[in-house]
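Several structures are given next for inspection.
Each of the next two complexes has chain A plus one other chain: chain B in the first, chain C in the second.
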Partner chain A sequence: MKKAASLLVLVVMLITVSGLASAQTELSFWYHGAGNTAEGEVFQMIVDDFNASQSDYVVVVEDFPQANYNSSIVAAAAAGDMPDIVDIDGPVFANWAWSGWLAPLSLSEGATEGLLPSAISEYQGDLYAVGLWEAAVAVFARRSVLDANDIRIPTLDEPWTADEFDAALEALQATGEFDVALDLGMVWTGEWYPYAFSPFLQSFGGDMIDRDTYLTAEGALNGPEAVAFGEWWQSLFERGLAYGTSQDGADRDTCFIDNRCALQWNGNWAGAAAAEAAGDDILFLPAPDFGHGNIIGAASWQLGLSATSEHPEGVNAFIEFALQDEYFVAFSDGNGLAPPTKDAAGLTMNYSSGAAMEVFYELSEAQGLVRPVTPGYPTMALIFEKALADIANGADVQDTLDAAVDEIDQDIEDNMGYGFEDM
Partner chain B sequence: MQSMSFASQQRLSISLRYALLILISLIFIFPIVFMVMSSLKPDLQLLRDSASLRAFMPVGDISLNNYADAFARVPIVQFFFNSVFTTAVSVAAALWLNSMAAFSLAFLQWRGKALVLSLIIATFIVPFEVIAIPLLMVVNNLPWLGPEGFEIGWLNTYHVQIIPFIADSLGIFLFYQYFRDLPDELVEAARIDGASIWQIYARIIMPIAGPILATVAILKFLAMWNAYIWPLMTIRSEELRPIMVGLQYFFQLNTAWGEIMAYLTVVTIPVLLFYLALQRAFIESIATSGIKG
Partner chain C sequence: MTTAAEARRNSPLWVRWLLPKDAPLFQRNDAVVGWLMAAPALIILTVFLVVPFLMAFTMSFTNQRLASPNPAEWVGLRNFERLLNVQIFSLEPERDAAGHIVYDDGEIAYPRLRSFTRNNPDYPHLDGMRELTSWQAGENRTILLAADVVFFRALINTLIFAAVIAPLQGGLALLLALLLNQALPYISIFRSVYFAPVVVSMVVVSLLWRFIYDGQNGLLNTLLGIVTFGSFQPVDWLGNPYTALPAMIAMSAWQAVGFHMVIWLSGLQTIPTSLYEAAGLDGCGAWKKFRYVTWPGLRNTAVLVLIVITIQAMGLFVQVDVMTRGGPLDATQSVVYQAVQRGYAKQDIAEGSAISVILFVIVFVIAMAQRYITRERN
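And now, the complex of A and B:
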């Protein structure tokens, strides 16, 4: 009898426990970095901490390879099978919001306080995504090389002017010690082109689109400033100062480390390897100022809420939970990218005071300009990439930019202004 | 003297032919040698060696570290099993189904046969990319009766990676071509002897279809083993992913080239073994039917 009673109590307990467990709502979370062990472990840590911190929701992570993550999302949207929490690349979020795949976030007041502006993605007045880290680009250089050639070391406040930068490249090339004076990473096709090179255009005074209206690229991408940029860009390759579009991928990875290119335009994810190779000689320098400020691209991967999620309050709670310095630091130490807050930067291995890549946080803060926040960006980016490659290969600058403007404007018209205005 | 000269000419001709063949075989084998050698080197050395003949030699800092790292980064065993399972089932089912379809088209008389054959051939011109999204929507709404009961939607399963690819117009066409070249007397004699259609298919035709079975098996094997886009679209869980999707795990902000080469070496070995096992029948099939896979 006693045994039977004990058994009954056990069964009741099990039913209660399983009932409690099933009362938790599952939130699916798709992450773009399958194979990125360090980053994945931090996400798993956040998920585990969040799941343990409350009893309403259980977040489950599924990771996907980055190269085709967007295709997986497109397929999921087509099948009506989107996850609750979505990982989004910064420049793409406006397109996904416009496509109806994302819903605005409702975070508590002050939740995004202290974040770099580029880590906060807003479209048409609504917040759609927030980032847990930031990428930044700089000119990698060796102090000894610049000193030996009497080249001034630029600062954020006093970056190289266009003339100074050009003279430095000519001087470095003239030494004959390097394959090229500057490695731009032309072999990295895809998003690298608009991310890394459109800031040059913007610094010349042009842009990929007219940001006042987002309805045309006329004037911005083919005006006198843009043409001046295009001619300078083309001259880099004509004068043999930089590797062209046929660059060997191996050169991109090794030329600066092996001291075969004097300067390299590269991101903070490559900073640790460069610092290791150059030691104390390493310099991470701000972008040159071609007349309209020294600018670098901004906005990396971020977290958002799927429009089909039935549990937006749970998703908001999770994203808000993830916005902690502890996690920013863990990501930065793991993936080498900059944290999105100043406080966190001070606690990281690479970006704290005196650390090798400290300057990158300042670069992001001072120079970061997000790519055009419009649903038309993915198409625009492809057109811009092709135009830059064509110009690098000798195409007529004005004709190429005019053609790019026509294509971008046609796409905007085909999509009825992408919601900026009824056309 | 003349016969000596002729013998010399013969030797020279053979030598030249072998030299040419050796050169061609080197061109084909170099990428594989590069892959295996690179899999043993650290990234920086691999990249530095890539511009010289050192790329094809086991020199410098040689180790199996890339293999260890690749296995740590990707659940290779799980992905390998998934690919072997989906490929094996697909190949077996495709051989059976497509050969039966071709048998029907080649030997049975039924109305609309020519039209059906034309439609099957017409699908050659439709690339998979065109039907991918519609196919995704279809499989997402199909019913399935599994261990967990009746459910709607095939996403995130093994069968979504197999069933849509069993029926294959190229496979049917290849079988049909081969069957048509067989003498009609074979089938007629079997019919006179009282064999049923199934018996003719299973006991008369299939036993002599070895070469074409090998050809279709190799083509289907390659297509399934290299499956990439479809699994990306339909599979959410890592536990169900095939091996080619795993290749993308290495393309991070800093690409792990050595690990990629190690992974590719592991992935390529089964393909080579499968081809070598069926090589003789495959070549025979090409020689007899004029098919170029």
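And now, the complex of A and C:
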């Protein structure tokens, strides 16, 4: 009798425990930035707040090192074991959506209002990801150096023209005070090349792909405008105005701070260190205009919903919850990232009016152009990177761009147009 | 003579569990034990080598993508054709209206190759091909065109790498082994020092050597500057297409030389000292002792070292990935780097597989040829 009673108690306890567990559904969330404590802490704060704010879902974060994050997702997708909430690098989302790994988000009306367009990732009419921050690239400079060489300080409305920029580089190089006039960050292989350098090409009037059809790069990447860009690009290295592809990583990190390069093409994440080194002398200048507008790359890491998630409502609720000024400000203050809305920008330490990096928000808003939104982007980006590296090293401009076009077009054809036409 | 029961009693617990009660295992069925012992290695080899290779072989005849909603299809030899297709093309000089050859700065002017290889309906078989190399043939320019120039560059670089590094690294390792095969005090310290780079990960070594080879203020340039009293002009070792591959070869040889030194040392120590003593009595000098005692005694070691270095060299990847990513101007492309780059980064796993299959065939042929050349001739 006693035995039976204790058994009954055990059964009741088990039911209660499992009942409690099933009342709250677990949502897994993979985060790309293991080791980035400032950013990770804000994410943890959002997760804790969200978990406390309702009783249906519990979000659980798993950290991945950035270098291995994308391959982890690829492996997880192949194994059918994706997390519910996916962290996505902006330009890759279309590839993942096309591969069937992401499901469209269904946020309530107005949830994305006020966000920079580049923080909203749409493919074929569906919303797949939203960003909680934005990144921007600028020309880092010292006011004293520009003044000493009679170089005009450009503004967003009146950026440097191609000739002005070129003359400025020549003048700075001629002073003999610097290793090079301009540090482009050639050592940062990978996504930096299309992110930071394709805007130059676009400003010349070319592009990585024909954005009308997304079916060919012919004309866009090897037309006269693109060749003009290539000739200019090559000349930067021929004339010794910029570090080449064999640049030392340490030079990238320190040359502007140590005054060994006069200008540096760098992102907002490096802005705080540069501002600290140069003090009031620091300038963050907009990209030059080579004829077709002054442009910088856009779209950073964003949040999306995996196609295999059994709880899309929960994921949508979480992402909507994360879209609050409070969190935008926390990411910005914690990690130097640009906030994705104007309201949030005004509340941050670095981007509010008069603050050191205020200009970056304007840059994102005024100059930001997303990289081509096509599933073929990851392959295209690598082809583009190799073409730019080869041209920098002296390869024939037209032949190199032709070869890049052929490879991109072949890839598009192999993938049956990546969904951009019925084949 | 032990009985089956005794053998059973004496065998370890796991054998007794695994096998039926009165299996006369140790007398009659050694083969079973043999297979059991080999099983762990065989299973691992099958799962991680044989199966992936068979998969790669199969995939190389499809258009399988790493990720794609489109179903994979058989495409026959398409991937191999795209990689290996070469054509010879003769470029005729430009002529003016009167049919005379046009000269440009004293040199014969030719039309641009791209006017034939891009969208020219008269030359469909050349579409998209690029120049691999060219030579002058009379007034015409003969051009070797390849559909995949980068792959051929990778193949040529890899073969050069292997051809240079096998004698270089093997020879250096032998030299070190001979120097260290002496009963000197503290000799083991030197052995450890030369072996140290082998223990360090290739990724770390590559990163360090990037600093050593740096064109601005790298250690090597600084050192050469000091030695030559400043008359040496700094070289951008990894940034110059002519020095990048030699620099990579030198660094790779340095990293792995210690490993083969140890193999040579073990070979040297199997040679009986009595042979040297006898040779000494016969009046042999150091060179003759090496030529007639040491070298014949190292025969099998030499074959092993040669084949191992060659096979490792054909798998050149980490140095390329960390130091140059194939640049500058494809001077350091390697076959494995291209296989990974295309199969994984560019998501074209079928093409990456095709490259792996080609590499497998090449390595197999080279290894067999080496085996044949170095066979015992009796």
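Worth pointing out:
Keep in mind that, in the parts below, the second predicted complex is superposed on the first by the 401 of 423 C-alpha atoms of A that agree within 3 Å, B and C clash if a C-alpha of one lies under 4 Å from a C-alpha of the other, contacts with A are read in each partner's own complex, and residues count from 1 in each chain.
We take it that a contact is a pair of C-beta atoms (placed from the backbone, for glycine too) under 8 Å apart; a residue touches a chain by one contact, two chains touch by 3 or more.
Keep in mind the model is a prediction, meaning the values are calculated, not measured.
Of the two partner chains, both chain B and chain C are touched by A:248. Legend: residue contacts after superposition of the two complexes on their common chain; A:406 is shown touching chain C, with no touch to chain B. Of the two partner chains, chain B is the only one touched by A:68; chain C is not.
Of the two partner chains, chain B is the only one touched by A:34; chain C is not. In the overlay built on the shared chain, the residue A:106 is in contact with neither chain B nor chain C. In the superposition on chain A, the residues of chain A contacting both chain B and chain C are 71, 78, 248, 250. On the side of chain B, the complex with chain A involves touching residues 43-44, 47-48, 50-51, 72-74, 133, 136-137, 140, 153, 155, 229, 232-234, 236-238, 245-246, 248-255, 257. Residues of chain C touching chain A in their complex: 63, 65-70, 112-114, 118, 128, 130, 149, 210-211, 214-218, 236-239, 241, 324-330, 341, 344-348. Here chain A touches chain C in the complex through residues 71, 74, 77-78, 95-96, 98-101, 179, 189, 244-246, 248, 250-251, 378-379, 382-383, 386, 389-390, 393-395, 398-399, 402-403, 406, 410-411, 414-416, going by the rule given at the top. Per the touch definition, chain A reaches chain B in the complex via residues 30, 33-37, 62-68, 71-72, 75, 78-81, 248-250, 253-254, 257-258, 267, 269-270, 273, 335-336.
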